[in-house]
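Several structures are given next for inspection.
Two complexes follow with chain A in common, the first pairing it with chain B and the second with chain C.
Coming up: the complex of A and B.
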């Protein structure tokens, strides 16, 4: 569980007024939730994640969290440093105090789940392609086996196949009871995979709730299925386009319409 | 400690020091450092210290920002002071003198960084060394290197902090254990920062090439020009130098 009570955060700034990154934010994320965080650039998403993971301390307000938290920052491939892929992924589990055998076992499992087989284990992570580096770094985060996993734009730079596969893995972890929190600009992905949505606007929490409800309440969050449904509605098809939060919703709306004709 | 790096961090205010031409400030820095190292008595050191304090006042930068850059030097100062006290005759006096000199040099350098944009420093270097072009010295390239280096220092410090946070979220602990253990743990920061720095420099080089860097002699959007304030500053700088030389000659 992660709970924020009137949390504000300011970054110190050289020669200027401190920059307010978050202002008076309050919410509670229960255990086992799949949360999506959306918001414009500079709205405070990354700061919120850093506060949730404990890397930053709030300027004011209170944060309560239960269980362990692991946080994958933007471009996690920049944190690779070991000589081999397997050693880099084992870094986290070894820091958790696992034996080398256990750490290797869990690391191999995480690498395999991200499509990196045995042939990658002894390769230098710095010489992999961008997408492979990203997957190694994400395997390093997943191998921490934390109760809450926070990922800041994990799919930026991944192709659609690996994006879907990563979301699939996160869904599996969520079904096993882990709390998963992702930051994404893609409201299609959030609508498809998340149950709860936090929407940040100008450093404030503009909305929180069920994904469909939040997207419906804010025009700027309109995703591709909703935009398509709106165009159909504008072209004369009698459907409530605001109900088309996901592609599946859109398909069922069209199917219902056809059956009623 | 990463946040303490003042190199390349400009404190944007409209102070007297901030308004001065970068060439004046660069020459002032060189003369200030020469003056500080010419001092060999408490009287002359007190005079240079008073000048540094006057510069701090003129910079209008809050003291916490100026002294933040001092923190990494405290260990060095402690070691130097200890070695002088125990190993050199008249050690207490010498260690006080050396510490004062180091503190003054660091303060003056911090003031230059805080009161001058990295680009202005580069522009100052480029104009000051302009005469070297006759001897085919690549002055423009030297100025670009200075500018890029000063701009990248705070960026790399921020990057190092970001990577440190990322490794902490993977369970790394940089504050516990023996010195060897901590040094080994810091590899988790040093390697990614080096990789990132090399990657950034390659990207920057390609971007500069794409924008025709080095094809012609670049013109300046804001050419440097002296003002009456610079004239006053030059008078002060040379008066300072004369007083320090007189003190040295007069063994004051």
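Coming up: the complex of A and C.
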């Protein structure tokens, strides 16, 4: 569980007027939730993740957190530092006190789930392609086996296949009871995979709730399926476009409409 | 408008990192004023290709010719980098200024511009990329998306003949992407700027004059018309699961809307 009560955060400003990166934010994320965080550039998403993970302390307000948290920062590949892929992924589990054997087993499993087999284990992570580095870094986050996993735009730069695969892995972890919190600009992905949406606007919490409800309440969050449904409705098809939160919803609305004709 | 003069020619180029061959016998041409997109899975060599285009890397075999000069000829490196501006995926790798305006000014100073000209160019490019309000902020205080905008602004300020964006829009929000893509398309149409957009978003690639697809180190050229919109492909697949028959020639938003609203009685 992560709970924020009137949390504000200001970055230190050297001689300038301090700017609030987050202002008076309150919410509770219960255990086992799959949350998508959306918001424009500079709205405070990264600051929020850093506060949730404990990397930053609030300027004012209280944060309560239960269980362990692992946090994949933007461009997590910048966190790679070991000489080989396997050592990099094992670093976290070894620090949690696991034996060499256990750490290796969990690391190999996490790497395999992200398509990085044995041939990668002894390669230098810094010499891999951008997408491969990203997957090694994410394997390192997953190998921590934390109760809550926070990922700040993990899909930027991942190709569609690996984006879907990563969301699939996160869905599985969520089904097993982990709390997953993910930042994304892609409201199609949030609608498809997350159950709860947290929307930040100008450093304030604009909304939090069921993904479909939040998207419907804010025109600017309209995603591809809802935009397509709106165009269909404008072209004469009688459908309630606000119900088309995902492509599956949209297809069902169209199929129902066609069968009633 | 697509002009015919060749600006960049990659001829039978291969590139290997130690023993790993990343690009193999790649041939492609980008003309002045052309908008090209490069797509391909992770590890297919897109970033390596981008670095070959402005002489950050030199092909192990074959050649890359930029505006008539081979990138292997070190006496033209400065000219080549002025011609082809590269924006990297991770903006932290190319932002160096202490303020947003300093960062844009850095490349202009290196080009020997007068401060009064620089001021005008900086004002213009920050306004076009929506960063005017952040002009005096420290780039390290910016969000990931704002940093990506700054990296793009700094390269555009140099007025290159071609801009290569290596997944440089990946952290922009909807408004930011829209601002940058419209700006690139506008500069492409009005000033003849060539654009090479390396992207994972096929939807963005569909707006290009030509699409190069990289896979297994090889490149294949397509026209946007050969590609279905990924959203439409997904939706059509979902509709077929619900026993609706959609003709295979329906590949764009417009044709699908037309087909669905005329009850399947009219053509795609």
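By our rule, the second predicted complex is superposed on the first by the 261 of 261 C-alpha atoms of A that agree within 3 Å, B and C clash if a C-alpha of one lies under 4 Å from a C-alpha of the other, contacts with A are read in each partner's own complex, and residues count from 1 in each chain.
In this section, a contact is a pair of C-beta atoms (placed from the backbone, for glycine too) under 8 Å apart; a residue touches a chain by one contact, two chains touch by 3 or more.
Given the structure is predicted, the values throughout are model-derived calculations rather than measurements.
Residue contacts after overlaying the shared chain place A:140 against chain B, while chain C stays out of touching range. Touch criterion met: A:237 reaches chain C, while chain B stays clear of it.
Residue contacts after overlaying the shared chain place A:107 against neither chain B nor chain C.
Of the two partner chains, chain B is the only one touched by A:92; chain C is not. When the two complexes are overlaid on their common chain A, residue A:78 makes contact with chain B and with chain C alike. Contacts of A:161 after superposition: chain C is touched, whereas chain B is not reached.
Within the superposed three-chain arrangement, the count of touched residues of chain A is higher for C, of the candidates chain B and chain C. When the two complexes are laid over each other on chain A, chain A has residues 78 in contact with both chain B and chain C. Across the interface of their complex, chain A is touched by residues 17-18, 22, 40-45, 47, 89-90, 92, 141-146, 149, 167, 170-176, 200, 202, 230-231, 234-235, 238-239, 241-244, 253, 257-258, 260-261, 263 of chain C. Per the touch definition, chain B reaches chain A in the complex via residues 9-13, 61, 65, 159, 162-163, 165-173, 187-188, 190-192, 195-196.
Residues of chain A touching chain B in their complex: 14-16, 50, 53, 55, 69-73, 76, 78-81, 91-92, 95-96, 126, 140-141, 144.
Interface residues of chain A, counted against chain C in their complex, comprise 11, 39-43, 45-46, 74-75, 78, 127-132, 134-135, 152-153, 156-163, 185, 188, 220, 224-225, 228, 231-232, 235-237, 247-248, 250-252, 254-255, 258, 261.
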